[in-house]
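Order as written gives the chain letters A, B, C and D; numbering starts at 1 within each chain.
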Amino acid sequence: MLPELISLTGIGFIASIGLGIAAKRLAIKEDPRIEKILEALPGANCGACGYAGCSAFARAVLAEEAPVDGCLAGGVSTGLKVAEVLGKKVEKTERMVAVVACQGTGTYTRQRFIYQGIDNCRAAVNIGGGSKACAYGCLGLGSCQQVCPFGAITIKDALAVIDTEACVGCGICVDECPRDIIHLVPRKVSVQVLCSSQETGKNVRDFCDIGCIGCKRCEQACPFNAITVKNNLAVIDPGKCTACGICVDVCPQQTLKALLPITRQAEIDPGKCISCGKCKRVCPFEAIFGSKGAPYEILTGKCRGCGLCINQCEADAITMTEVL
Amino acid sequence: MILHHFPGGIHPHDEKELTAHLPIEDAPIPSRVFIPLSQHIGPPAEPIVKPGDPVRVGDKIAEARGFVSANIHASVTGTVRAIRPYPHASGRLAPAIEIESEGEDQVYVPTKDRQDPLSLPPQTLIPFIREAGIVGMGGATFPTHVKLSPPEDKSIHTLIINGVECEPYLTADHRLMLEHTRDIIEGIMYIRYILNASFSFVAIEINKPDAIRMMQNNISDPHIRVISLPKRYPQGAEKQLIKTILGQEVPSGGGLPMDVGAVVQNVGTTFAIYEAIRWGKPLIERITTVTGRGIKTPKNLRVRIGTPVRDIIALCGGWKEVPGKLILGGPMMGINQYDDAVPVTKGTSGVLLLPREEVGEYHPHTCVRCGRCVTVCPMGLLPNFLGVFSEHARFADAERLHLLDCIECGSCTYVCPAKRPLVQMIRYAKGEVLRRRKKVARQ
Amino acid sequence: MKETLILSSSPHIKSPETIPSIMFQVCLALLPAVFVGIYSFGARAAWIILLSILSTLFFEAAAQKIMGRPIAIRDGSACVTAILLALNLPPTVPWWLVVIGSFFAIIIGKQIYGGLGHNPFNPALVGRVVLLISFPAQMTLWAFPSHPLFSTVTDTLSGATPLGWAKTHLITHGAIPATLPFNIQQLFIGQTGGCIGEISALALLIGAGYLLWRKIIPWIIPVSFIATTFFITGVFWMINPHQYLNPVYHLFSGGLLLGAFFMATDMVTNPVTNLGMLLFGIGCGLLTAVIRLFGGYPEGVSFAILLMNATTPLLDRWTRPRVFGEVSNS
Amino acid sequence: MAKHVTCWSCDMGQYFYILIGVLLVHNFVFSQFLGICPFLGVSRRLETAVGMGMSVIFVVVLSSVAAFLINLWILIPYHIEYLKTVIFILVIAALVQLVEMVIQKTSPVLYQALGIYLPLITTNCIVLGVAVLITQKGFDLLETTIYSFGASAGFLLALILFSGIRERLELADIPWSFRGTAIALITAGILSLSFMGFSGLVK
């Protein structure tokens, strides 16, 4: 019994002393918080933050080179977690989403030649400027799809389509697109011009069935003056747009599309309503009904939350609510 | 003379019998020319005419902008109609000067007659070349006056006149050497004089024995030697040509021929230099070979710069078969076009029409690692790995394999049994590497 | 409307050589060996080769179908694998062995890696080695050639290959036999026991000559492979001719020629650089000689090539050719 | 069991056989199937594979020698061989800790590359396997050193070969269901088959 005890404890003792000395002599300081930050990050190593992977970003955050909410993939929640590790506060960042400003699928847009080469937009654009007849259109060979770390992009009928749910707004595709037709926009209800062509309307009609022809109907129809046509292309001022969707209805080419389903709706407080009827007159969607003498009401199915009625109401009886 | 050996190379069928025996014909003056402002490496020239201006053939209509740039001259007499974006050989729209010509019969009348340019100081000859807007006419379109003004610290001992014309199908240089032998030799004397080069070589591939004979018979100067080179593509590439003749390799990673004391000039450029110095003639026309099995009657033509290819095709009888590819330049390095409105430029050595049946097939396979591309690469690269790395966006790995040294000669793609578009993959990877570098530099 | 043109990156002309044309020519070059095999071993050999081709094509098509990829059995690579596998089997093997072999060759050896071009190991050899290790009894049941064409093999005996015979003798008697059962001439034309395709050196050399002439295979690998084996076996033969076989005997017996010309040269699994190929060949030769001379197996070609297949990525990495202009001349 | 050999060349031959035997014929990874975990884990890149292999060589040789000495001086004299496993593991664990600290101090790059695999050496069965085998086979000190070096060099060889193939597989179009460890195991299987060609090389 004794030899066993002595040998086991003896060897253990010697080893522990050796290791203890080594630990002292060879000690390396590493911030334990790096590990904690790494845990908070999504770990996709997408590089959207501008650093080589999550680990590098964690180090940069610690060194105060990168903001705590610098992780675009993780969004606000990750930023909060990282801030918690460091005991900092985080300013709220707006969640972005990528939009392809082109709808020129193979069905809608013609080809000007037969392309033989690799499936890569950046390579293809150097061969005769790309085979799509529109010099502004999506080449549809999937360079953005290949670089998207979140699998949010698919190519359908020679057109890049972004899954708004999967997209985190990292912007890698924006950088990759040789046509520069992918944009980052705030992730909220808005109307987008899904065309980038600056060709004249006649030319656009020649090669594309769905492109902006610069007809200015949207410009005239917009009650908020949010749309201007520049270089034969409609441009929406996001500050003015209320996503009412009137322009979407008037566009003859179906170029304008709403980004997300409408989530806002007006509500009339029957107690405050003075029954003046101004709101009903201004509503472009006939979503308000009622007659003088009684409080007006909103037709839930028709209201698009444009907010025109709010400005008209003298009694402050109308408010916007989020419906989900 | 001992010839040195460059690695790799291929032996495609040279197809020159279509046009090699045909004398150069003058193409008729087109009704309209579209002269691109960008016909050279470097920034486009600055137009100095406006719509409505009358111009005479040989008038300067656009001025070089920046150091590496070249003047542009009117190739016909007529009226400037517009300066507007027009199809360009690069495949995109690029600004061009549109001139409506008046009259069919327009001959360029020499403005100068310098009987003995060699009596002038050598440096005074360079402005004549710059004024004439001469660029490398083998296809590289590098402004010639820049190439002939090496920095002080580089001494040039060897001038190589490139009459190799290793691209299949093309015979423009071949015909030029046969029909303007004395003029080219005169041009060689001028260039040699400018560079103060001790040795001059005229390099011609063995498949042009008549041109070799013609040159040999007409050269009296013992310092100019005609060298017949074995037939191997890309024998006419600058670096490979220097290696073959001098045995020296232009350094990898951005080295230039002048680093080994050599300057290479194409015979077409040499002829243009002769005309510029002797007669003061600007570069308004060039010899181009219209060939391929897609054209009815192949020809060697002297065409005015800016002539739409459409006119040239019509002149040669039009398409013979179902159109496949329309290529400006040779089949190995030429750029193909989707629009036959594109005009001839200073670098258009050929107009090649290939029928659909020759080029319609495109079924690339994954790399089977046969190694044929490695064997034929004249730069000693590993194109198979470069291609695979490009496919997988592993650009740093590709760069480590000397991606940027690729001269895009196309030998690898020619031999690939899997029919992989290796040149395109490599070119794409190159672009990405440079883009990333720029991005890093910006940060 | 004009006719639409085709646009691609340069170059615009391509050599006529394609993967199917290469594979077809390899099959063509194997025909002499196939004929000798059928001539020597009768209808059974023909049946094995046919079965191998059928089952290989079936597995290839089935795998591609299951993976949802285009069915590419027409590229001929499966056919080459099938013939090579069959030529590497003894003429006595039962039919199910052939099917198992082709399953491992195509599915495990190739399709699982993504198909032609991605497999790190020669598929035919994967199939053969699996069979050799899993079914040693069936894989070493040899037959002497019984010449009447299209007869069925009846007389089978164990250890009838020249190399196997010598090795058995060496183990039991401590020396190789003084008189060998076959002379060099018999080995050369194929009057010997062995796998269907390996018996006739002449037939293999005819096929190899064709491939070398058409530049389908590089000469470096077979030459360095054979030369190394010849050299090493020669050295040991000179040291002790009682214990080690004559190098010429080594050269013409067993699968050396078949392996060196047709399997080590499988382009997917060997290096792409010249130096790499040289080292690859030398490595194959060295391992073959070591296994033949000292190992437990009488024949080492298959193992040697498979082992060297494993080194291919490293050889490619370490033997990059000098890039033009890389060495500073100053 | 001590050996009494006088012939120098026979001696060398003996050592050579031990080395070749454990390096190729009885390669720990390919024919004894030990150390598969780090073999699969650290063979993605050639550089890390070499680093891992080298540290394994270091640890194995060191721990085998230590095990040999402990066996000779402590376990045998006191007849406590049955404690072999426990004591060897103790020694190995301590040694690996030491190596880890040394690497972390001397080569941060290597440390980053090896990452979580360094502690894995502790549980690398090769280390304990070699230590146990040398006591079973009755090697002397020199034989122990050679055997342990051969065993770990065989591990390095396997890692290097395998990492080369895996770097290539990374660019291969492998069917979705076989990516990663699946294809690695299949490849290892084929490699193992080819290593069987060495069988019989050393009796």
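Keep this in mind: a residue touches a chain if its C-beta (ideal position, glycine included) is under 8 Å from a C-beta of that chain, and two chains touch if they have at least 3 such contacts.
Worth saying up front: this structure is predicted, and the values here are computed from it rather than measured.
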Greatest separation from subunit D - chain, by CA centre: B
Whole-Å gap separating subunit A and subunit D, where each centre is the average of the chain's CA atoms: 52
Distance from subunit B to subunit A - Cα centre to Cα centre, in angstrom: 47
Subunit C and subunit D: spacing of chain centres that average the CA atoms, whole Å: 33
Centre-of-Cα separation between subunit C and subunit A, whole angstrom: 57
Touching two or more other chains - residue numbers and ranges from subunit C: 5-9, 114-115, 118
Residue list for subunit D, restricted to those that touch at least two other chains: 173
Shared-contact residues (touching 2 or more other chains) in subunit A: 112-113, 116-117, 123, 126-128
Contact graph of the chains (line, ring, star, complete, other): complete
Subunit B residues touching subunit C - in the complex, by the definition given at the top: 6-7, 10, 12, 91, 168, 239, 243, 248-253, 255, 260, 319, 322-327, 331-338, 340, 352, 354, 356, 358-360, 362, 365-371, 374-375, 378-382, 384-385, 401-402, 405, 408, 410, 413-419, 421, 423-424, 427
Complex contact set, residues of subunit B against subunit A: 91-93, 336-339, 359, 362, 364, 391, 393, 421, 424-425, 427-428, 431-432
Sites on subunit D touched by subunit C in the complex: 46, 160-162, 164-165, 167-169, 172-175, 178, 183, 186-187, 190-191, 193-201
Subunit D - residues contacting subunit B, complex: 171, 173
Touching residues on subunit C, where the partner in the complex is subunit D: 67, 108-109, 111-115, 118, 120-121, 126, 129-130, 133, 287, 290-291, 294-297, 300, 302-304, 306-307, 309-314, 317
